[in-house]
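You will see chain A twice below: alongside chain B first, and alongside chain C after that.
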Partner chain A sequence: MEKIPSLQFEKEPIDKNSVRFILSNSRSAFANAWRRAMISEVPSFAIEDVRVYDNTSPLFDEILAHRLGLIPLTTGGDNNYLSRAECSCNNEGCEKCTVTLTMSVEGPLLACSKNLISHDPDVQPADPDIPIIKLASDQKVVVEARAILDYGKRHTKWQPTTVCGYKNYPSISIDARCDGCGQCVEECPCGILEISKRKVRVIEDKLDKCALCRLCEKICMNSGIGDMPAIHISTEEDRFIFNVEGCGSVSTEEIMKQGLMFLKREADSLSNEIRALL
Partner chain B sequence: MAGSSYKCARCKQKVEIDVNVRCPFCGHRILFKERGAAIKEIKAR
Partner chain C sequence: MIPVRCFTCGKVVSTKYEEYKARRDEGEDLKAVLDDLGLERYCCRRMLLTHKEIIDELTPYQ
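Take a look at the complex of A and B:
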């Protein structure tokens, strides 16, 4: 019988927008599908249309609009917004699918994302201090921006993740031929090896820090030990270390959950299609 | 050139260009093109 996949979270998360966890008893196909779903199939808000009423700043309207588009906007998991494609307004933009943000600033000032005033308090810039434009005196910018819900597969600005990746769980074995010369300990860029009782071993709880670079194997070979190194780096094929970092628009739990929900929806629709064929 | 207005860089007066690029009030030859009043709609991409 196949083992049930399980998750194990790191005890102390680095910050509220990033999470590191171990996925066990799974397969690389599933791990990669989940990674791709988290990046490109989780909806989030981003500014899409910009109306420029006035711009006497040194930046062109297009550059200003592009900068506005890349600002992450908070997107709660329980919001009732629809994406433009699902909405009945025919791409016109209505209150069911669009959030309007306005910015009216006059120099001298460094206009930041906090100067963007949203008409929905739930959809705000994720960080108040993202610089948009620096204005000198007598320079003025008045814009109205319309944010819509969409997916990372359409454009990077709708990606809820910044870093989202995984690696196989490392497995290090040191055989009896190790003479404790310590060259691999010095060579390891992650500092996970140590010498104990004239033998090399992995420092406790540091195994998952291994970058799988195999520099230790190489230096061991160069030390003249023979045809095979005494230290072997391999990976566990059914265990993965995930690193998911959000940009603040969607919480990391929500990214993970919605990625899985997307996979389930896709799998269900595939099984329905197959059933219809039979 | 109908409709496009310029502003003299020295005397800040509004200038219409006909033949010469030169301010008729102060003779300065650097003119700024003024931004039109139309609202510009662009995609944030």
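Take a look at the complex of A and C:
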């Protein structure tokens, strides 16, 4: 019988927007499908249209709009908004699919994302201190921005993740021919090897830091040991180390959950299609 | 103006610029400053390291 896939989280997350975990008893097809779902199939809010009423700042309207578009907006998992494509308003923008944010600032001031006032308190700039534009005295910016819900597959500004990737779990074995010369310890860029009793071994708890670069194998061969190195790097094919980092719009838990829900929906619709054919 | 996000990975880096600038001008070691600010990847680190602020020179023009 096939083993059940399981998740194991790292004890202390680096910060609230970043998570590292190990997926065991799985396959690369699933790991990659999940990774891609988290990147491009989890909806989030981003500013899409900007109406500029007044702009006497040194930046062009287009640059200003581009900067506004890149600001991550908080998107709760249980929001009732629809994406433009699903909404019945025919691409016009209504309160079911659009959130309006306004900014009215006068210099001298460094306008930040906290100056963007949203009409929905649940959809706000994820960080209040993102600088938008520096204004000198008698310069003025008045804009109305419309944010919509969409997917990372359309534009990166809707991606809820920044870094989202995985690698196979490394497996390092050192055979009896190791003479403890220590060249691999010096060569390893991740610093995961040490010498103990004239043999090389992996430092405890550091195995998952291995970048699989195989520099240790190369230097071992160059040390004149023969045709084969004494240290062998391989990977466990059914275990993956995931690294998921959010940009602040959607929490990492929600990204993981919604990625899985997307895969489930796709699998369900595929099985329905097949059932209809039979 | 400092770009809102890292060009490569998309992490929001602009929020760290004010602190980076202040600590750089005090003559602190840039490596330590970037590590403190939580910029781990070299793509995000170069965003701050290589930024040239010219907004003040553009201010006279509208």
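Here is the rule we use: the second predicted complex is superposed on the first by the 278 of 278 C-alpha atoms of A that agree within 3 Å, B and C clash if a C-alpha of one lies under 4 Å from a C-alpha of the other, contacts with A are read in each partner's own complex, and residues count from 1 in each chain.
Basically, contacts are C-beta pairs under 8 Å (C-beta built on N, C-alpha and C of every residue); 3 or more make two chains touch, one makes a residue touch a chain.
Since the structure is predicted, the reported quantities are computational estimates derived from the model, not experimental observations.
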Q.
By the touch definition at the top of the document, which applies to A:Thr56: first (chain B), second (chain C), both, or neither?
A. both
Q: For A:Cys97, select first, second, both or neither according to whether it touches chain B, chain C, the two together, or no partner.
A: neither
Q. Hey, is it chain B or chain C that touches more of chain A?
A. C
Q: Name the contact category of A:Gly248: first (chain B only), second (chain C only), both, or neither.
A: second
Q) Can A:Glu48 be said to touch chain B (first), chain C (second), both, or neither? A) first
Q: Pick out the shared contact residues on chain A: the ones touching chain B in one complex and chain C in the other.
A: 56
Q: Write out the stretch or stretches of chain C touching chain A in their complex.
A: 1-2, 4-6, 9-12, 14-15, 17-18, 38, 41, 55-56, 58-59, 61-62
Q.
Going by the contact rule set out above, which residues of chain A touch chain B in the complex?
A. 46-56, 61-62, 65-66, 68-69, 145, 155, 157
Q: Please name which positions on chain A make contact with chain C in the complex.
A: 14-15, 56-59, 67, 70-72, 126-127, 129-134, 136, 139, 156, 159, 161-163, 245, 247-248
Q) Taking the complex as given, what residues does chain B use to touch chain A? A) 35, 39-45
